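The structure that follows is given in the form of structure tokens.
As written, the chains take the letters A, B, C and D, and residue 1 is the first residue of each chain.
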Amino acid sequence: MITLESSLICTCVRAPLRARRAWPAALLLLHALAASAVDAEWPMASGDYANTRYSTLADIDTSNVGTLAEAFAFDTGVERGQEAAPIVVGGTLYLLTAWPNVLYALDLTRPGAAVKWKFEPHPAPRAQGEACCDVVTRGIAYADGTVFMVTLDGQAIAVDAATGAERWRTPLADVAHGETVTMAPLVVKDRMLVGNSGGEMGVRGWLTALDTHTGAVAWRAYSTGPDRDVLINHSRYAPFYPTDRGTDLGVATWPPEAWKRGGGGAWGFVSYDPALDLLYYGTANPGPWNPEQRAGDNKWTSGVFARRPGDGTAAWFYQWSPHDRHDYDGINEMMLLDLDWQGARREVLVHPDRNGYVYVLDRKNGEVLAADPFVTVNTSTGVDLKTGRLQYDPGKDPRAGLTIRNVCPAAPGAKDWQPSAYSPRTGLLYLPHQHLCHDAQTYTTSYIAGTPFLGVTAQMNGMAGTSRGAFTAWDPLARRARWTLPEVFPVWSGALATAGDLVFYGTLDGWFKAVDARSGKPLWQQQTGSGIIGQPMAYRGPDGREYVAIMSGVGGWAGAVSSGCLDRRDGTAALGFVGAMKDLPMPEVKTGVLHVYALP
Amino acid sequence: MSGLPLAAFLDTPPLGELSQDALRAAGPQAAATLALWWPTLALCSAVLLGILIALGYALATSGRAVRSAPGDLSSLANREPGLVRAVSVGVALSTVALLGLVAASAATDRKLASLDTAGALQVHVIAHQWWWEFEYLDADVTRRFVTANELHLPVGRAVELVLDADDVIHSLWIPNLAGKRDLIPGHTQTLRLRADRAGVYRGQCAEYCGYQHANMALRVVAEEPGAFTAWADRMRAPAAAPATPLAQQGRAIFENGTCAMCHTVSGTPAAAKHAPDLTHLASRRRLAAETLENTHDLLARWISRPNALKPGVYMPDQAYSESDVQALTAYLETLK
Amino acid sequence: MSIHDTRSAELEATWRDPPGLRGVLSAVNHKTIGRRFIVTAFSFFVAAGILAGLMRLQLMHPGNTVLGPDRYAQIFTMHGTTMMFLFAVPVMQAVAVYVVPLMIGARSIAFPRLNAYAFWIYLFGGVMLYGAFLLNVGPDAGWFAYVPLSGPAYSPGKRVDFWAQMITFTELSGLLEAVIQITTIFKLRAPGMTLNRLPLYVWSVLVTNFMILFAMPAVMLSSTALIMDRLVGTHFYNPAEGGDVLLWQHLFWFFGHPEVYFIFVPALGFMSTIIATFSRRQIFGYTAMVVALIATAFLAFGLWVHHMFATNLPELGKSFFTAVSMMIAIPSAVQIFCWLATLKTGRLVMEVPLHFVLAFFFILVVGGLTGVMLAAVPLDLQVHDTYFVVAHFHYVLIGGAVFPLVGAFYYWFPKVTGRMLSGVLGRWHFWLFFAGFNLTFFPMHVLGLLGMPRRVYTYPADPGWGALNLLSTVGDWITGVSFLLFALNVWRALARGMPAGANPWGAPTLEWATSSPPHAANFPRVPLVRGVAPLWLAEPYAGHVRGLADTQREVLATTVLDAAPDHRMIMPTPTIWPFLSAVATTMLFIGSIFTPWAVVWGTVPVAVALVAWFWPTRAETAEHLALEKRP
Amino acid sequence: MRCPELACLALIVCLAGCERETRHFTADVPGPAYPGPRAQTGTVAGRAENPYARNAYAVNEGKRLFRWYNCNGCHAEGGGGMGVPLMDAEWRYGDRPVDVFTSIHDGRPDGMPAFGGRVTDDQIWRLAAYVRAIEGRVASATAPNRDDSLQEAKPETRRAGQ
């Protein structure tokens, strides 16, 4: 009802709904073959535990990608930004929309991938006003015949994959205090991992593990507060750097009480190393944005935790941005790679952070092996590899009442949540990212439950002398970029690398693109009618062919100007992102649509 | 100097009992200023006296004439060496005296700037329309605390006040301790001082800052280091939970009503920053930046009709029921 | 030898203001404009005095509730604004408009129409401000209007805009007057009045107007920037967008401190004039006096920062501004000692004007000495923005300017009206004013030292400020009574005062050479001057200028240094266009308080009026041609 | 003197000036009683004008409260973000003063929290008056001008008549 009402009133999207394209004839040639190989499936948002977003499928390659065509499309009817990755398991594609978080199961064995079932969780409408950056979700996970999803208002739900029946439901978040959940849960063994969002609302961040069978909370690890809340057991906790050692640093690195509203959500992708049996996830920015209201290092925000999935205890921690000054959440994905690092095989964790550096960490102990800027950075001068500490430029430090100009990278960082991909064939990381700077004025803000807790008015702009968006291939061994494709708008979609030496990504102006993974040469692109902020994935259909799928539907923080019908005369709208997005076109297609492509 | 004899006649409070005058120093900064003041006053008085005597002499010795008397232009023809000498001596003496004052002023300036601030207590002072916020800084951030309108200082220890303004220009002036310094939006300033004598001093905003400029005062409590440490420890403690049902009811009104939209009570969900921190309100002697005595009745009137007592204050008037006022007052009185 | 002769009637008709209402609005004769200027300025003085009385009433007791904070803020802002912008500076220029042409033997002021325009602009600006005040749109951010308090975020509505636009009015008027008066003094002096024969009062006017020329643009700039910040959202004073709140203070005080000297320097001229006349001798040390005036003017531009010591400065900056602030006392000392020497060696005529001048020696010296104290940074930091400063600048401005001004009023009143003021009432006025003034303001020194800040609408009982405040209020009442006597004296004199005659005081300068009130052309025969005190010479004039037309407003322009005849020129005739131009300008200024587009459409009527103003008539041109003579 | 016309004109100018410039320090101009969530257009409450719509001081107070109560966190300077934009002419729940009041007081289901009881009704009227100024529906002489902060959008005074 509400959706209908808003669709009637939000008239800034003028384009009428277009009729969906006819199903391509290719689909009629459907094979009845049931896919059985593992590479056929994509059971979690990131594809695998290592977060590489690498598909071993190679049917579509650099030679034939030019002929790629839409196999089918599915209109979800949901208007807001679609950041979620579809998953495919057992001939069924599962898809979670943005709020109101409708879960669809599409039967890939049937022509046109007909809807098998639809699950509507009816989350609280109130949550829409608490989500900082559009009412997105980033995906779902599958395990043991169950699809695991979380609604925007923080209800973890297990849904029977076959029937769409609800198995259990556990409310995790307190919407009235600004907590929401937007992340894609991860299932590891019998643990479903969920982290909260709300660093802009003064929440206290956490990662929660639920029992996949019952939905009972197994453990919850907070990102601030005393060690018992953070699940730090000093006998089993061994961070590499001394600054991360000490008792109750989650309290001691904050002014009194501030940690209770200190942010540090866990809304990014969680990685898992089965061999070490460790989870890796980043913690979000501390709250409020105004750093003067939270003197100290603000542990354990804007950093990375390695935790044991069984009891949640921390193994180590490293802080990307101690006492974060510019909303540099540390939640970007951790790609778990085994690299020949300076002559030796090392198990590393590669992480392109919002603060502008690609970090290479030893994922056994958290030692920083390298941290190199992949964009122009003026908020810091580098990372001291001896202490592991980011060296801020005090000239860009926010000060109450002052406007600090040309802060680069801006609040969304050099790269926000949009997940990168890694191809073992090229050895390159593929980073969808942006070149934005902001002007920010800091002021003292009040904590009022359920309202934004910011203390910063920001306004973003494109970085001078470069494009606002970029898609960069980064060589982690050479520690430099191989090639960069400029894009007009921030590349807010995820990346996908395939064994066909292709990389896929989408743009905010609606193009879905394939480029040569080695040279970066653009090979194919298709207009989807609405900006793409989703995560591309590839699967082998029941017919044995390789498909590439992407959700289109503009929105997210970057696209909120269009999805939220924001007023472009105010550059500080959407926490300042509108300043950089005034020319973002309105989408032709208003609702979120799943596009699936295949060779003809 | 123990002050003007006039002060007694004027019923000003004794030094250290909420005095606010520049003529009695309780710290080295104010004392150095006074050490410049009294000689300057003496010199200036002497100059005034000299000129009046000269005028009297001139009037007494000059001739008299009537309106119709003709003017005398003989001075155009005759040089008047005596007058030239007298005027030259007068001007030379004035110049010497002024140069002396310039030198004395510069020397005092240097003295004021050279206050030894090693190990100084740092307090971040933020001026708001129309109250003072004090954040006691500490290298250990967990030991920081915030209070309002009542500045406690340890006797004998230098204090560095870091000054910021939240809205318009204000000026911090505690005459018994030091001269004033403006708090200017966009410019952080510091004011260094030391209290050498225990007591309570009154300070006030000295730059016009809007309708309630007159009621933007502060109380400075200089106390022995032990007492100061004990006070600071009390301030660091979060508010204790109220015990009586009435106070508990008041706390609920406080947290769920309008109070928590602007005020902080540490240890509770009330954490807003636009009004004075009330964690230890009951320990403060006065309300509303020294406007009112912190008594039960005045507190009750203040929370329901602040604009009647301090017109223009940003705290809104509220139509509380009598029982709500009593409950709120009871709660606020537990915030010791 | 009389300077009147048979042609004076024809000359009178030529220079007289036209009759009727239209004539009233068209008048350009400097004496008419000067009288209006002086009366207007004194009216504002009375209004501001009434406001001061209201403030004293409120502050009579601690915790008084006669006035609330809103009303009090408007009143103290209006008091300061009126006194500084609508009374003190204009009245000094107003007196000059009347007196200077007479004193230098000119028939007219330069640019008489512009002079009328400047008066109307001043009048309309003041009336606008008081109209706004009566409609509860009175400015309330102080006469100094510090941003950000006066900026858009903290002063909603149009109150401050009226204040800022009043600045535009008065400064426009002030700048025009400066140009007019400098030109008059440089070019219209009677032949023979070389610069070293210039009366000291004229010197002081010349110096003042040069200061105005340099200082007033700063405040017009800053107030215009304030209006733009408030009206169209510019960011001159918004630190968040690259502005600076201290910029306002620097610009304002770069004007504001010299402004004190705009008021003080002409008063020094009054002093020299009156002392000379009533000592019956030439002022001792004429050259030193002139140099002191010029030195004061230069130094006045180097000490504005002493208003801003509390904003903090580097040590060297403090020392520099302290030194300059103290050094400006030296030229004043030179003048004081020279006057004392003059008094000592003169033969005194103890009339009322001399009383007011002698009061200067106590009051101004006290104010000057407290000024020296304020120049010392450490002392300033204690007493800045307290009642000590209130006392200080009232001693300086009232002692240094108002007492001499009132003295000058008694002195020149017979010249302007042809009637004598009562000496008895004058002495009562003087003594009550002197006592009331000191009773009002001396306690404020102590109040400031006892910690009472300025600009407070109320104060608590605890600090013990009540008794002195009460004393101060009583003093204010006494001052009020003294000015009632003054008003009575003026009324009596106008109604049935003794006729004055041309030179009732036996004064030496040229304005006393003509009749009282003066002939419409000032001097039917323009004298050739041969000394600095011509009327005291046995043979006052070396002759008279001949050949100036009687039927045209013809005047003789002379050279700047030696006042040798340069050329003849014809002054413009009365016209209503300066008045209409001022009305159009007023519409533009007031309109632009509400919409920036008023600056666009408002220029049309202004342009029309100005074109009409300068449009030559056929008859005039023909007459001018007829007067042209071959060399 | 043509008194009636002139007097009327003077009176109008005076009243306009007076109301715009009055400083309502206390809630001495209480708004219409809280109309309840379902005030209909036809009812008296539904027609009720905002008592502060013509008062510059109150509108400016509304602007201050807009930041104090974190409204700007969601609505920015009117462009919106987490909350709807307030600069445009689209009003999901109505644009009458009473609708704006109700939105603030009771909240709205799409995420607008309810502030009734947490903010006094008098303050809500001030906020509501400012919200209309954001859109440029308050006379430009009454609307607040630029804030002393980072500002990119046109100040409210310049939005009138859009």
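Note that contacts are C-beta pairs under 8 Å (C-beta built on N, C-alpha and C of every residue); 3 or more make two chains touch, one makes a residue touch a chain.
Values in this document were obtained by computation on a predicted structure and should not be read as measured data.
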A-B or A-C - the one linked by more C-beta pairs in contact: A-B
Whole-Å gap separating chain A and chain C, where each centre is the average of the chain's CA atoms: 71
Mean-CA-position distance for chain B and chain A (Å): 53
Whole-Å gap between the CA centroids of chain A and chain D: 39
Chain centre separation (chain B, chain D; CA means) in Å: 38
Per-residue multi-chain contacts in chain A, two or more chains: 401-403, 441, 445-446, 448
Shared interface positions of chain C, touching two or more other chains: 70, 148, 153-154, 239-241
Chain D: positions in contact with at least two other chains: 23, 25, 68-69, 148-151, 154
Chain contact topology (line, ring, star, complete or other): complete
Chain D contact footprint on chain A (complex, rising order): 2, 5-6, 9-12, 125-132, 200, 403, 439-441, 443, 445-446, 448, 450-454, 457-459, 560, 564-575, 578-579
Touch list for chain A against partner chain C, complex: 401-403, 441
Interface residues, chain B side, partner chain A - complex: 126, 140-142, 144-145, 164-166, 185-186, 188, 236, 238, 260-262, 266-267, 269, 271-274
Chain C to chain D touching residues, read off their complex: 70, 132, 135-137, 148, 151-154, 156-159, 229-233, 235, 238-241, 594-595
Chain C to chain B touching residues, read off their complex: 68-70, 73, 141-142, 146, 148-149, 153-154, 239-240, 244-246, 277, 279-282, 284-285, 288, 310-312, 315, 318-319, 322-323, 326-327, 329-330, 333-334, 336-338, 340-341, 343-351, 358, 361-362, 365-366, 369-370, 372-373, 375-386, 446, 448-451, 453-460, 462-468, 504-506, 508, 531-533, 535-537
